[in-house]
Amino acid sequence: MQIGMIGLGRMGANMTRRLMRGGHDCVVHDTQAAAIASLEGEGAEGAKTLPQLVKALAKPRTIWLMVPAAAVDDTLAELTPLLDKHDIVIDGGNSYYRDDIRRASTVHARGLHYVDVGTSGGVAGLERGYCLMIGGETATVKHLDPLFVALAPGAGTAVPTPGRRADAGSADQGYLHCGPHGAGHFVKMVHNGIEYGIMAAYAEGLNILRNANVGKRTDAVNAETTPLRDPAMYQFDMNLPEITEAWRRGSVIGSWLLDLTATALAADPALRSFEGRVSDSGEGRWTIQAAIDEAVPSPVLSAALYARFSSRDQADFANRVLSSMRHEFGGHDELKPDSPKAKP
Amino acid sequence: MQIGMIGLGRMGANMTRRLMRGGHDCVVHDTQAAAIASLEGEGAEGAKTLPQLVKALAKPRTIWLMVPAAAVDDTLAELTPLLDKHDIVIDGGNSYYRDDIRRASTVHARGLHYVDVGTSGGVAGLERGYCLMIGGETATVKHLDPLFVALAPGAGTAVPTPGRRADAGSADQGYLHCGPHGAGHFVKMVHNGIEYGIMAAYAEGLNILRNANVGKRTDAVNAETTPLRDPAMYQFDMNLPEITEAWRRGSVIGSWLLDLTATALAADPALRSFEGRVSDSGEGRWTIQAAIDEAVPSPVLSAALYARFSSRDQADFANRVLSSMRHEFGGHDELKPDSPKAKP
Amino acid sequence: MQIGMIGLGRMGANMTRRLMRGGHDCVVHDTQAAAIASLEGEGAEGAKTLPQLVKALAKPRTIWLMVPAAAVDDTLAELTPLLDKHDIVIDGGNSYYRDDIRRASTVHARGLHYVDVGTSGGVAGLERGYCLMIGGETATVKHLDPLFVALAPGAGTAVPTPGRRADAGSADQGYLHCGPHGAGHFVKMVHNGIEYGIMAAYAEGLNILRNANVGKRTDAVNAETTPLRDPAMYQFDMNLPEITEAWRRGSVIGSWLLDLTATALAADPALRSFEGRVSDSGEGRWTIQAAIDEAVPSPVLSAALYARFSSRDQADFANRVLSSMRHEFGGHDELKPDSPKAKP
Amino acid sequence: MQIGMIGLGRMGANMTRRLMRGGHDCVVHDTQAAAIASLEGEGAEGAKTLPQLVKALAKPRTIWLMVPAAAVDDTLAELTPLLDKHDIVIDGGNSYYRDDIRRASTVHARGLHYVDVGTSGGVAGLERGYCLMIGGETATVKHLDPLFVALAPGAGTAVPTPGRRADAGSADQGYLHCGPHGAGHFVKMVHNGIEYGIMAAYAEGLNILRNANVGKRTDAVNAETTPLRDPAMYQFDMNLPEITEAWRRGSVIGSWLLDLTATALAADPALRSFEGRVSDSGEGRWTIQAAIDEAVPSPVLSAALYARFSSRDQADFANRVLSSMRHEFGGHDELKPDSPKAKP
């Protein structure tokens, strides 16, 4: 099939490459000329402007947006007036599913079709394939099937699930039509919410292992802190790169995220190249908001999100409130970072 | 009654004063001579050493320890050989209840009596009185009643609880014999666990109020962060000193901790005199360990404890693990503190 | 002043009474005739319909809505066409502050004034007074001052905050103009979020105390559960009514919510009259959503909210997912409620 | 090598089989005669008693215990007097690492060697191999290498970690000598703590997806609950078996636990065969206790543990406390399970 790709960042460029490997013709556009040129050198047709991109595509056109969530509305506003009835616009980025529902309605009013695709895979997706969570009308989604087949990993990349019917659908290829408009990004949203939780589970566990030698650190006695009761029980210097490596095989907690953690630790065992200011990009927040609307308890996913907020010093005022209370009721002064027991 | 007080820090000194106001004779000891001298000037009899203190007391002696939890065992080791049968030792500090059970058994073996008293009240206790949570043998606890009466706030300091029988016991004076050895510090431990939770509830809420103007801060668009969807909904510059003041009357969340928070905010509305490194002194940790032993869910009390750990940078390695994973799967670099959207 | 009160439920009826005690003339309406009749008997003027209520009030009118949050829009739709320029509508219920911002704009378009008032105090407010958190235009709020004075507790109901300037404003009466439209309900929203957190802190702590005798329960050994390591450390039968009573005086965790807990426990020490299905009424949820929009970590307030969701069995499917995983990887069957170690 | 295996439950029996496949001679014992007979039929030598087992093994003997954590001490007490100097005892079960440190010291006093092995793999381990986390003296652990090689999955079961040195050790086979006595079970403990967190992340996310149709359920308006603001945003009927299947390929959250979840959902899409009473078997608890001793924030791992406690109704009393408070301050009655809005 022929497809127009708008947005050639880390995700869009590699997805274009994978589509071309799958035999599809790609017309590509980006705000950066160099990004276009790079893919032209690999066989794509470049388009310097949106009108050029539209002109280069045969009707009915299929155009895939792979731009930051905050840029989708502007891009659609510029793009849709250039399109013709029955053209299809796909938002493959990290949009909020509520925007899909709104956008689908606007786009439909112009006689166009809209499809939302949650795309997981990261920079490894070019080789591993992309897991695609799709929302939209059935006929449109079916029409796009060859694109999804090219992007998705394919059934051979995992062992079959015991008991699953062989004809149960496309999910065993790594892509799924999840439901009407917004369903794709809803599933992707929750996927990322889960991702935050899993990442935090490993991160907390590794932090506990790293501090398993806390009994070796001598600390003075003061009235502000309690001494460690059993220093003899915390004398372990754990080798985190090798522990994560061992867990990759046979253990219950094997996962792709663990593979990546082992890779990171192999390169930098103390992770000194990072400061620990962790970004969050929307889906984790929206997941919690959905959980609350649904009255679904989500303590783990929330804790994972809050850890990221705290890593960016967003708890500072709350902490100062705590110190001020302690000062009021107990006359306690804050321990300074270099005091003997400030970091037990 | 005559009583020996060992440990004249913030708590011990004021408790001695309140005991003297209640008509009790106090013999006092501290490792700091100045602390002894200060109370001598107010009517106490000073003792430079433990043997002097023991000598100054008539048998059967009553000795109250008000020393850091980490110093109790050493003090007992020095003190108990100096005592005679039927003497009473009280640990009124922040000891772990498990130590009480062990110590009671050691002390009993010498023919002495042991009482554990969890003491709440802070620096305000001199005027407000101290809430006392007591563990030990019934006869010994009864014998000490005059001391508890002097230290406790008294019934008049709160309105009677509707439906409570007037003869139900001493709790409406602000002190209670909670059970056998360790029961006093067990109740005090949980008291402090609750305290951490309440403090954190106020701190989080005030942090949300303080950031109610987040919609006024303009931020650039990038692929790492999601823009605030409704900046118009976050345009409030909240006056925290006056809000906490208003809450002190008539609201459901009125409390002594709120009174103290209003005091702190009245003096320093942005709490700039604090850095937000919050200590924790044992009871909060032991509370969670008891909860886990009992299989009692304690998400609120745990979250409050962890917030204190995080305030002291104890989550740093976990955060670096998260950043390293994001780098591996998405090629994401960490946002620096001064980048446009680093602190959303 | 003359005021119209719409909604005579638990809150509205008592607020009317307190306003009348303060010398104000009240015209009252409710969908239940009996509620109107009851207040007529106490000196209010009843109005069977909204037009009657409007007619009975002199211009410029002041009308206070005290209806369920879900009924405010319908009431406004019926009421505002009956009103004249400069009339004032107050929403004193538990509305979402975002609705205030929208409603204020609609109401202003008709030349009317809108004020949002978050009201705390519960059924005790008639005697204790109501804590009022107010949002709206300054002139309108000032005009209503006599009403707020009558409803609020007054300065005498708490000791002055040390260091606060005597002329700092009305907060020491128990009411505060917090900011523009929506500010009142925003502050009330966070107030209730804090309330959830404080309540949960007590509830968890009392649950830990209640299970302090877990060491007395003999349990069989099986491969699914770990035995309690130190049963001797959990032999305490705690008297919760008396413990909460003792904490009411002198302790750091004294509060009105603790007073109420002591009252409930005095009447029913094991709280057998409750099942433990805990409602949540909006503000707790909105607080978390605001926290997430602001990127403020709120683990305690979230955990408190989720505990309520879980109490209503909303975690059930998640729990079944956990059991299904355990079955898959370990062949573990679920323990039934009556199996020896099902409830450790 | 020759090895004695004590404990032929789900884990021990399959480990014996895998050892025999690896060419090792196994002498086996269990309290159930049928378990012994079954493995005799597969080539093992059965031993009805511990003395028989000991007799059947050539010196220096190697004996692997695979019994419930609660039975290890009794087994050791019976076994060790039968052994000779230089014999090796391995505890491969789910023991607390603190017991290893104690036991190693006792066992050493008899001239024996002790090794602790945390074993992960579950019922699938026979085919996938077992991930082994080992603590003990270096020479003893080296001596046992052939056993670990046979039990572990082997390097071929995962792609090599980029950047890891080929000669970095045995971790890429799926087993690791983690450190001195206790280190193996410490690492396994944290492994299981992480496992709880990952499981809960999936469980919460799937619960959010399952309730994505909450907008379809009509609910009455009452003062106790807030209506869902945007029912149109929650109209999705999600197909959980197919969603988890799609996530297995290419997504960031692919893992073995996800594979198992997809298997469970393929067989029983609503998981009706489970009630949702989730056991916990020790390691999750000990992980949190270690985290607290180390002052490491672990909100995600704690929340996962507490969700299991709550699933077994352990929060009930806390919930009743909450309902009693709401009754006191607001006159709120509990909603019953069948009331219109009881389960929003």
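Lettered A, B, C and D in written order, each chain numbered from 1.
Going forward, a contact is a pair of C-beta atoms (placed from the backbone, for glycine too) under 8 Å apart; a residue touches a chain by one contact, two chains touch by 3 or more.
This one's a predicted model, so the numbers in the text were calculated from it and none came from an experiment.
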Greatest separation from subunit C - chain, by CA centre: D
Winner on C-beta contact pairs when C-D is weighed against B-D: C-D
For subunit B paired with subunit C, centre-to-centre distance based on mean C-alpha positions, whole Å: 28
Computed distance of Cα centres, subunit D from subunit C, in Å: 42
Centroid distance [mean C-alpha coordinates] between subunit D and subunit B, Å: 37
Contacts with 2+ other chains: residues of subunit A: 122, 200, 202, 204, 207, 211, 229, 252, 256-257, 263, 280, 285, 293, 295-299, 302-303, 306-307, 310, 312, 314-315, 318, 329, 343
Residues of subunit C defined as touching subunit A within the complex: 252, 280, 285, 288-289, 292-293, 295-299, 302-303, 305-307, 309-310, 312, 314-315, 318, 329
Residue ranges of subunit A touching subunit B (in the complex, touch as defined): 9-10, 68-71, 94, 96, 122-124, 199-200, 202-204, 206-207, 210-211, 221-227, 229, 256-257, 260-261, 263-265, 268, 271, 274-282, 285, 299, 303, 307-308, 310-332, 334-337, 342-343
Subunit C-facing residues of subunit B, complex: 97-98, 101, 120-122, 125, 128-133, 152-155, 157-159, 161-164, 168-176, 178-180, 182-183, 186-187, 190-198, 200-202, 204-205, 207-209, 211-212, 214, 228-230, 232-239, 241-243, 245-259, 262-263, 266-267, 287, 290-291, 293-301, 303-304, 306-307, 343-344
